[in-house]
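Letters A, B, C, D and E name the chains as they come in the text, with residue numbers starting at 1 for each one.
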Amino acid sequence: MPVTNEGFEPLIVAFCCNWCSYAGADLAGVSRMSYSSNVRIIRVPCSSRVNPSFIIRAFQRGADGVLVAGCHPGDCHYHSGNFFTRRRLTVLKQMMEYLGIEPERFQVRWISGSEGAKFAMVMNSVAEEIKRLGPNRKLRDVR
Amino acid sequence: MQQKVEGYPLKEYTTKICQIAKEALENREVTAIIGWRKKDFWWQSPVVFLEDPADVQQLVWDPFTIYSPVKFLLDWQESCAAKVGIFVKGCDSRGINRLLQDKRLERERVAVYGVPCGGKADAEKIRASFPSKEIKSVTLIGEELVLAVGEREERVKAEAYLLDKCLSCRHPNPVVYDKLVWEEVSPRQYADESRFARVQAVESLVTEERFAYWQRQFDRCIRCFACRNTCPACNCRVCIFDQAEPRWLGKANDPADTLNYHIIRAFHVAGRCFECGECERICPAGVPLQELNRKLIKGINDAYGDYEAGLDPTDVPPLGTYRGEDPAGFDES
Amino acid sequence: MRYSYYPGCTLKTRAKAYEDTALSTAKALGLSLTEIKEWQCCGALYPLNTDEIFSFFSPVRALLQTRAAGEDKLVTLCAGCYNVFKRTNKAVREDGELRRKINAYLEEDYMGEVDVVHYLEVLKNDVGFGSIAEKVKKRLTGRKLAPYYGCLLLKPRAEMDLDDVENPTIFENFLNALGATAVSYPYKTECCGSYLSMANEEIASAAVGRILNSAYKNGAEAFVVACPLCKYNLEEYQSELLAASKDPQLKLPVFYFTELLAEALAL
Amino acid sequence: MKVITEKINYNLLREVEEVSGQKVSACFQCGKCSGGCPVVWSMDVLPHQVLRYAQLGLVDELLHSKTLWICASCQTCDSRCPRNVDIPKVIEALRLIILRNKGGNYLHPNDLPARVRENAPQQGLVSAFRKYAK
Amino acid sequence: MKRIGVFICWCGSNIAATVDIDRVIAAAQKMSGVVYADQNKYTCSEIGQAMIKDAIKEYRLDRVVIGSCSPRMHENTFRKTVESAGLNPYYLEIANIREQCSWVHKDKEAGTAKAISLIRTAVAKAAMNEALFAAEMPITRRALVIGGGIAGIQAALDIADTGFEVDLVEREPSIGGRMAQLDKTFPTLDCSACILTPKMVDVAQHEKIKLITYAEVDKVEGYLGNFTVTIRSKARSVDLQKCIGCGECIAKCPSKVASEFEEGLVQRRAIYTPFPQAVPNKPAIDRAHCRFFTAGKCKVCQKVCPADAIDYEMADRLLTNQYGAIVVATGFDTHKLNNYGEYAYGKHPDVLTSLEFERLLNASGPTGGKILRPSDGKEPKTVAFIQCVGSRDKAKGNPYCAKICCMYTAKHAILLSEKVPGSKAFVFYIDVRTAGKDYEEFYTRAYEECGASYIKGNVSKVFPDGDKLLVRSVDVLSGALVELSVDMVVLAASVDARADAKELAQKLAVTVNAHKFFTEAHPKLRPVDTQTAGIFLAGMCQGPKDIPETVAQASAAAVKVAAIFSKQSLLGNPTVAEVEPKLCSGDLSCMAVCPYGAISEQVVEERRGREMVPRKIAQVNAALCQGCGACTVACRPGAINLKGFTNQQILAEVDAICL
């Protein structure tokens, strides 16, 4: 494993819920808080819309990291969506780590619509961590 | 409390099962019976489907009535409206509850005959110690396995020859039934300790070792879907992996697709798997699927409280509910 | 109850009475205070600059000694030492970068696991003022004492956490347990001038003057302190300032709280 | 004193912020620090003015101020500051800038009156020399 | 094959500065399905929209992708554009290349690459977009207003005046809120009670308003047009129907407790009306302090009641009602001063909060409107007013400005000069903020005509000094040290959100900010809305504001409610879940996770061989579904899908974004 990954520009797919995290990303934009351009956002209505299959698919197609971001527990626009997300993705994350996938590859964070700075910070830290890990080879399609 | 074990001679078991089946068919309680029968070899006791009372003599109960009969119920229900009788071991009975909870089974259309089970034998383990061709029969009597090998009778400690999944079985007695075929047996005392032993062994590896370990396992997978097909929890009418639009799973034999399959399969049974172990037993490639299923059970138990699937068909599986104060396996700051 | 104990320079010399009475009262209360080995001066002041780390080594070494002795609490008496230790420990706990640097230099792995406590806290939390009140042999009834907190025990607000910064009550409760009367006066937390008395005496004496007058006006007959420097300043600048009282003989003695405890326990 | 572009010593300003770890620009000049300072009456530049001068870049004026040697670091001001500015740290930084230059010491052991040398607790002596000399 | 048009907006230089538009266009032209790509300086302008419409017609486009600002900004604008060109509005897809690209990436190379990727993703999704149509939902044309202060009162009256029914829920035994506690109001100095009391009476008498006092919201379910709210009507122990409001019970009640309305300056009884002009002017028993409820004996009130209205057996009642819209007007708490020991509040009786001082000024207050020191009942000749106590203090209070204190302190200084001849007010301030009509003039009056001394300096400490209070500060402007010996100190305590605001927000599924003030949908353009349709905000619960602003916001909220009620039905959100019957196994995992009860079981007939057999599957009530998609993941076979965010669409996005 190389210690540094000079020149490696990872691809990070972020599934953001429309009401909190996507709004947080917009706020980061409005506030001109620059963050890693490695991050690509897919808008979903709620973090509970994120099917584990989407996450695995992103890795297969070449994502080096996947982030799911939703409202803080209790703040879900749909009352309870992120509570289900929390259980589902905790299980998925445990499984992926158990299968030998680095925990940093797949992350879940709560980012509210007022947390523009947090959004930028999380994106940078995820990008940093993934850069350090290097490219995703384990879950990527060979063909 | 005295340890209760299967203690009847082989014949008496089978006789009892045949008798129940015969009565049920003759009284028109049911129009068909699902049980096990003996096939050509000593290690084969597959599931059989009978409609004629005259055929009930085919039924058998021996250390190889391993196969779960419950998924046949789905086909039965799809094909006709009549009532069927089914013999179930402890593990199979939880499969009944699985189907009931998933609303895939109409309870009134099944007569469930519960068979308390002392554990099933592992043919591989037996073959390793005895010449397979000379074995004529294998019987479980108490904690002993009685083998007729050639002309002689061998008595060995059953524990060494039982299936791993039976050694860690927590519910040898059916948890749902209309009629109990014979007296209940006691669960094995070491069942709890051995339940997560293999999971813990894998957990103790570092990330890269774990990945290498699982790659070795999944490399053998030929994606025959036998694990899914036999699993009573995999009871969707149209499995996601069989769909073309969208295509959730690539068709090419790509290692990433294999991993995708195993992750999503395990995720779909998370909180629903009741540890019958059929997936792993039936796998032609020897992929240790129970190590994956049980990892999820362990994780859910640790995070969201102990839960055993297939015990109560009216409860809500852990991923279908939540508590506000649930912990998370990720950074919640 | 067992503790490691850090005396500091002053307690071995000009504040011997403080240490003596602290140790004798501890013994009487069934507390075991074991002086740590090979201690050095704590530096007297917590470093206020961010660009050097040498000032942290001495206190961290003492904390490591505590850990090595198998103890989890380090007791201090001098308010200066208490301030340095408590803040150092908090910084080590919370500032990962600082912790890394200190440990790299000392070749250690200190994570802030030891708790720094003042003897006054031990009396309050581990012994209990109620229990002390029961053990008092000679109640200090009728003694009107002005508790003087100074700065180092309480400030900075966010780091010390011994008591409310603006309205502390731990001394008052302690004095009440001994049967004495705690005089209420508004200057109990105003600075005595600290080390200004070494180089700017007129400033220190003016600062002390306000404290003295306020306590005297509210009926105090003596002060109670936990800091050798406070005691020095309060004693040093009495003569000229009490002129205002028109009683040239007037003197308000200054006691360490341990001296009063020893007296009350009849040691 | 005058605020003019040429006079602002940006390097020194940066150094103050770096050494102190404090953000001078956070101060909104409410004066709560000066109001509560126990020795403020003897200062030529009041604590809030220290920050104001620093904000305006009048660092040279600060370096000649008596205030630097009067602040006793009692931390009354920062314990009340609504902007979380640790003023003693800013003053310490200014003091260090002077002390770290050769000949910058404010106090020499010989300066101490004999009475002080004999009676003062070590705690006071050590403190004073840590603050006043390098 | 779809015919997709791509339109890239420069947004002036906002996008064009960091994204090479020409390269994006060139890349877009090569994307599968794209038949046209063009750019515009401001796509949201009329010209920009016209360009899209023309292109749709000219190039027979059937899907439109716009690379511009966030869809949260202009999605609706552009949907209308496409619709006016004859396409279904949901054929539109927006790639957010401003907020999530040009504004956050400085490097043009990286920004351009990301913009292309985002456009590709949007194109891939658009190709799968289908026509969506909104369902029609009925509306319950009855509003709920939570909180009976001036905000809630105004909102309720305005809604009721438009002819719709309103329920006004108030936690205390009487409506009136904070404004009822005030004496005079700035900048006109008219009497608070004189302008508020008539409104309170109007509320009580309005035929469209149902007043529910001594009650709290327990549970909120549903959505715009159809909320189901459970209200807990707390056991008042007094039958409002029977009570004649004679006050006999209050006079005879033996238990006393600090009066909340009087800010603890005097005591009230355990059976009480909060203040003389209360509406309804009928008492309640405070069970926590009632002798009968705490000690089991007493019942004096029952004995003296001429109307037999006392009912000790009364229990909390849960009322469940339907509402079409909700106005939240829950007000504020005053900041607790525990962190401000330096001001001796609670240590010295003559250190008061402004609200306590307000009660001293009030003719119906504990001193009959005379300013007297609580310690000795003497008139204070010198009073120090300390502003920003707990405000603008990120270290130990609120970092924000409480907005009202500068003005009410000027009012207090003016009233002091009127009520105590020869008195002197010292006002310590950090900054004086008087933005508002006639506000600056009012402040000027305080120091020019009424003799108040304004000192720029945050008081550092108040020393009790005999019967005086020594105030130490500094005059920042002159650099002079200030040591004033005064008779009274008044602290302008900051305003906090209600302690339980977060709980209520969770019940309502709306959000609060870091300080627990309710969050508006947009800080400038939708200041009265919340993110949850049908729930509106009025008054301090949304953030510090004064009475005129509060009333204006309340009226605005009322109009928003009336606008909803002006229709017979509402168009729902078309991005709802739908079930593919062939795939549905009927296990109803989806139903368990649906927060809206939008999923139910239905029986479908399916052909099996030659016969039709019934089978149970899930079905979605489109009017109830809010489109979260939680069900789609619970459904293992993917039989339930979310329109607008289908599995197919998201997988296509994932594939495209990873290219």
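The working rule: a residue touches a chain if its C-beta (ideal position, glycine included) is under 8 Å from a C-beta of that chain, and two chains touch if they have at least 3 such contacts.
Because the structure is predicted, anything quoted here is derived from the model rather than measured.
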item: Those chains which touch chain E and also touch chain D; value: C
item: Any chain in contact with chain A as well as chain E; value: B
item: Most distant chain from chain E, judged by the mean position of its C-alpha atoms; value: B
item: Most remote chain, CA-based centroid, reference being chain A; value: C
item: Pair joined by the larger number of C-beta contacts - C-D, B-E; value: C-D
item: Inter-centroid spacing, chain E versus chain B (mean Cα positions, whole Å); value: 55
item: Distance from the mean Cα position of chain C to that of chain B, given in whole angstrom; value: 70
item: Chain C and chain E, separation of their C-alpha mean positions in angstrom; value: 49
item: CA centroid of chain B to CA centroid of chain D, Å; value: 77
item: Junction residues of chain A - those touching two or more other chains; value: 52-53, 57, 74, 80, 84, 88
item: Sites on chain D at which at least two other chains make contact; value: 41, 76
item: Of all residues in chain B, the ones touching two or more other chains; value: 240, 248, 319
item: All touching chain pairs, where touch follows the definition stated at the start; value: A-B, A-E, B-E, C-D, C-E, D-E
item: Contact footprint of chain B on chain E as seen in their complex; value: 582-589, 592-593, 608, 616, 634, 636-639, 647-648, 651
item: Contact set on chain B toward chain E in their complex; value: 78, 101-104, 235-240, 243, 245-246, 248, 268, 316, 319-321
item: Touching residues on chain E, where the partner in the complex is chain A; value: 70-73, 96, 98-101, 103-107, 110-111, 113-114, 117-118, 121, 502, 505-506, 509, 511, 513-514, 519, 531-532, 575, 593, 595-596, 626-630, 632-634, 638, 642, 645, 647, 650-651, 653-655, 657-659
item: Contact footprint of chain D on chain C as seen in their complex; value: 8-10, 13-15, 41, 43-45, 48-51, 78, 80, 151, 155-158, 165, 189-191, 193-203, 206-207, 210, 227-229, 231-232, 236
item: Touching residues on chain D, where the partner in the complex is chain C; value: 18-21, 38-39, 41-42, 69-70, 72-76, 78-79, 86, 88-89, 92-93, 96, 106-107, 111-113, 116, 119-128, 130-132
